[in-house]
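Across the two complexes that follow, chain A remains constant while its partner is chain B and subsequently chain C.
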Partner chain A sequence: MSAVASSPRAPRIAVRHEIILAAILIVALIGLGFANDRFLTLDNLLNQGRLMTEIGLIALPMTFVIITGGIDVSVGAIVGLCAIALGYSWKNLGFPLPLAIVFSLGVGAAAGFANGFVITRIKVPAIITTIATLTLFRGLAEGISQAHSVRGYPEWFYFLGQGDVFGVPTQLLILLIAIVAFGVALDRTSFGRTLYAIGSNETAARFSALPVDRVKLAAYTLSGLTSGLSAFVLVSRVTTTRSDMGMGYELDAIAAVVLGGTSIFGGSGTIWGTVIGLVMIQLLKNGLALTGVKGDATIMVIGIVLIASVLIASSLQRRRE
Partner chain B sequence: MRSYLLTTAAAAAFALAMNTGAFAAGWDGADDLPTSPLACDASAPAAPAAAKPYDGGKAINAPDKAGKEITLVDVPKLIGIGYFNATSKGIADAAKEIGNVKVTTDGPTEAKIDEQIKFIDNYITRGVDGVLFAANDPVAIAPVLKKALSKGIHVVGYDANSTPDAREWFINQAEFNGIAKAMIDSLAKESGEDAAFGIVTSTFTTPNQARWIAEMQAYAAKCHPKLQWLETVEAQEDNVLSFNQATTLINKYGDKLKGLFGMTSVATPASAEAVTKAKLCGKVAVIGLATPNAMKPYVNADCVKSVVLWNPIDLGYAATYVMRAIVDGKLKPGATSVDAGKLGKLNVVNGSEILLGSPFIFNKSNINGFDF
Partner chain C sequence: MSAIALPRSPAARGSLWRRVSSQETLLAVAIVGLAVFVGLTNPRFLAANNLADILLGNAYIAVAAIGMSMVIITGNIDISVGALIGVLATVSGSLAVAGAPIVVTWLAPLVIGVAVMGLQGVIVAYLGIPAIVVTLGMLSILRGGLISVTGGKWITDLPDAFHLADIEIFGVIPMPVAIMVGATILAAAWMRWWPQGRAIYATGGNAEAARLSGVSPRHTLVLVFVLHGFFAGVAALLFATQLRVIQSTTPSGLEFTIITASVVGGVSILGGVGTVVGSTLAAILIAEITSALVFINVSPFWTHALQGALILATVIADIERRRRRLAGDVR
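Now for the complex of A and B:
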């Protein structure tokens, strides 16, 4: 039972990290707000929410996966595969569009399930499995599509990616619902407790009769499913399907999760931390661009800020302990 | 037993992943739009294009800044490569010449459409009078450009087009069929009518490259039917990858390979380098689109005979003039030409495109006179 007993402590450390991070975020936002009068406007912030959704949807289950001590670097490739599955099944296989959307989500879940299956049943380490499936899924996306784009979706299809509900971008609402759902699942359910237990000590979790493999399988499947959802949002936003979609998303998602205080070794982390990490990266990029920092310099500044905030947060934390 | 399982599974997964490359063999990298190959005879005049009504978009309630200072942003496919350095030089040159135009060039460091969209989106929020762009994807870029138009920001494309209704005008550097003819004719002349060749392109979805390849297929089928099309490979716009892909083609096809086309300003010098390293100068012809500076060593060493291009500085230069003309109300839908400073009058083609001119072939006799 030691793993289960130790798990409640892990979130408490993470909460402190989040509070520090949130404070840094607020300071940075105020600074950027003073530097540019178009930054802290509702219009801009909502628009950033729209642009943030695709990575956000992936970062949520990524938090689960990393809490178990695993990793999933195939998510960007799953986005590409799902985008192609959506476009191809609609245009070339003649599926009605709603069915094509469901089919594409199914492909995402199946891809995630395949990852989870190889990791839990064949016992291949997560990093190796998902590096392999990264090339596999991307290759499938390119092979199936023959690198041709699919375009010309009907107008209603763009509602998710470009429309608003009461002034709020449609996909941002979906992200908010997902955040609450994932947060509750992690904090308030035995599924969430089991994720922490696996990450703290997988052997102990097994001896405690926790359904380790089933929970891990579920985490990777969720990861694939939300990658599919992310692909749907992305295709709807940019009105076209390309096999190179989602390239590099895995790094953005992992950066948000780790910046949010989730330990890369597993066992600790929260959804709220991930959300702060996600918002921080997105708004910093946007704020710097609006303030007139050019693209190549922005990447550098972001890198420095990421390292600095992790350093500040961890040193403050150490002093308090 | 367990470790055995693990290795086989990993090996199988990797093997599967690698095998997907086999799909590539059948790809030609061409798009599926209709083609219009030019006449084989060089002296035949190009068929006059049927006049097409204006099909560009319109900036909604754009403030009247005729004669006043305007701020522009130039968002190329990517920054930091010779070709787009040249276009942004042209854009800046024209801005200086005109006087009341301020322009910054900013963009992604990799040719990624997703990043490019975010750059344009941020500049819309920041507030500019006009956006100049070279699209990484003609359709994916359309929503953000339409957003700019809806906020009264003028939009002009150059180099790589978007769907017409997402921008006002597009500066067409050279018509696709003209480039295709120049490329294929050069190959047939250098390597013979029955030469077998490979192509190094950026990606199969990049609009310009896909269009050129489609036109090359059509023109080759019409005028040089014995040419043998071996394979088209993707190399992003990446130096090292282009070199590796060209080397792979050389090794894969051996003596059979008589020519390589480079479809980007990165792929062509990398292909020339690959041929030089393989000591096949004179045996494998390299023909492609590239900037003269990158090609001078290979042209002067007689390894490359023809470099096909337009002048990217002029392309950027024209884009700034067109933008100024739109703001000043001098270029309206239905116009047949526009005044572009030192370039003189440029003609409107295809409804809402402005044609820069016919392609230029750099060779040993003229390349040293150019510096970009």
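Now for the complex of A and C:
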């Protein structure tokens, strides 16, 4: 029941879940490769890595947030707000572009901090806080931009979203660095272990003198910051800024985390699981697209995957108990 | 923590001040106050047809907010309702265009609404999956499914008889307003005086205590989702029949407008507290604010930001009020 007792058990369950997932992933890869000869090409796989980054950067801190037993559905709206902050401050306020980028990342971190502040200090449940700020942040993006898009960025700006480093998409390298950083933070630091303790039993964590509020605040702030980074990557890739950017990202990110074995009730989960979940969702999208399924039907499939994976995870857990 | 919620309503009857300061009264004052303020700035706002348009165009939001309030009172949430209303409106319109009997086109959204929400209720109540995850998944299933089936096309050439919203009772009261008022009164009475209605508050206030006093929280939860699906069906019908076309996309963020109406109407997100009279008044207030923005020359693109700020402020005020009352009880 206590945080200490559950921690040796939690990783074993997670590892088993990840091995099953990895096996499914390999089967899916081979299957898709046979079904379509354009799938298992280096070009296609690298391109999928490029497309995966925007969701991936959000799914990493989302793992932290869900491990604490919280949730953040405002991430897509933060992407929209940061994209507008970047474009508007550059085009309309006359910021130099590098400053606009930093400003937009700051806006993302501030948005995440605001979520965390309301959740930890005022004790509003995370679901309702982030539903409210989802409307607020998206509304701010719409209000500030007045539905005007921003285009015409200088050439160097596109390096992050469209360029390559030694043949690897630039943003994929950033995602890889982020994966390692988040993985180490979760596994090897007291911050990471505190996340598990909060999710297992928040009251026990508080009585153990763990900095519960500060750690939760940091998790939500990180979530906002990487949403800002995701917006930067997205704007750089699609060369334009609109207020509806990032709409629905929360679904993909939460689906990746849950599919990756993180318990929606908090207390267990790993970064590696999230990465596998992320790759599976991207492959699903790519595989469906290659067989001629339109994007909207893909959203439908991801919804089914989300519900199914939660149902299976909870029934497995019930059987084990 | 929320056990204090239950004794509130009898206490509220006792004290005149508490009654005057109730959320419902505050909302009514806000509705009138805003109308006067905007009317002084721009008298055209108070024109009869503008006020009627506000009610007619938003009655479906108030109706949907009745079901949403019940869901939130049990301590759950539903973000799939906006997409569901879009699907139900499209189904109803497609049937009408295909020449189905009008009664069938009116009943279909109610039946499908009940089925979809009932399924979600069962998953939440019996399999213990948080409502936010279930309804987030359902949201994308419904939204993705709708666009990929309709291809984004609008439904036109609807038969005249289909337009429920055109009917006027006694030749004066438009159907949407009658339904909004009637549904609010019926639901409020049911939740106030019927045992099953009271069970909603008991479940949201303290599920374990409710179970011990003979209320099944699971049955109640499924019942609430079924009713929520029914009201979503009615809302879809009002939405589908108010214009001559049915768009395949509902207004963006419709589910959040509905949630805002419930929360601003005084439904506590911690469960156990709130009335549907409040949520209907709040739906009218939100519609009035959106309309007022146009008349005081504020861009309508600020609507969602205002809504977000409103819901956040209400939620924070609700939590602070509870904390203070809790401290008062201890003393």
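The definition used in the following text is that the second predicted complex is superposed on the first by the 285 of 321 C-alpha atoms of A that agree within 3 Å, B and C clash if a C-alpha of one lies under 4 Å from a C-alpha of the other, contacts with A are read in each partner's own complex, and residues count from 1 in each chain.
Assume a residue touches a chain if its C-beta (ideal position, glycine included) is under 8 Å from a C-beta of that chain, and two chains touch if they have at least 3 such contacts.
Note that this is a predicted model, so its numbers are computed, not measured.
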Partner chain(s) touched by A:Ile304 [first = chain B, second = chain C, both, neither]: second
Touching partner for A:Val258 - first (chain B), second (chain C), both, neither: second
Contacts of A:Ile71 with chain B and chain C, given as first, second, both or neither: second
Contacts of A:Gln146 with chain B and chain C, given as first, second, both or neither: both
Touching partner for A:Ser314 - first (chain B), second (chain C), both, neither: second
Partner chain in contact with A:Lys294 - chain B first, chain C second, else both or neither: both
Chain B versus chain C as contact partner of A:Ile127, first or second or both or neither: second
Overlap of chain C and chain B interfaces on chain A (superposed complexes): 118, 122-124, 128-129, 132-133, 135-136, 139-140, 142-143, 146-147, 248, 294, 296, 299
Of all residues in chain A, those that touch chain B in their complex: 36, 38, 41, 43-44, 47, 51, 118, 122-124, 128-129, 132-133, 135-136, 139-140, 142-143, 146-149, 151, 158, 162, 234, 237-240, 242-245, 247-248, 285-286, 289-290, 294-296, 299
Residues of chain C touching chain A in the complex: 77, 79, 123, 127-130, 132-134, 136-141, 143-145, 147-148, 253, 256, 259-260, 263, 269-270, 299, 301-309, 311-312, 315-316, 319-320
Contact footprint of chain A on chain B as seen in their complex: 2, 5-6, 9-10, 13-14, 16-21, 23-24, 26-27, 29, 31-32, 79-80, 104, 106-109, 112-115, 117-119, 121-123, 125-127, 137, 139-140, 142-143, 203-205, 234
Residues on chain A engaged by chain C in the complex (per definition of touch): 71, 73, 118, 122-125, 127-129, 131-140, 142-143, 145-147, 248, 250-251, 254-255, 258, 264-265, 294, 296-304, 306-307, 310-311, 314-315
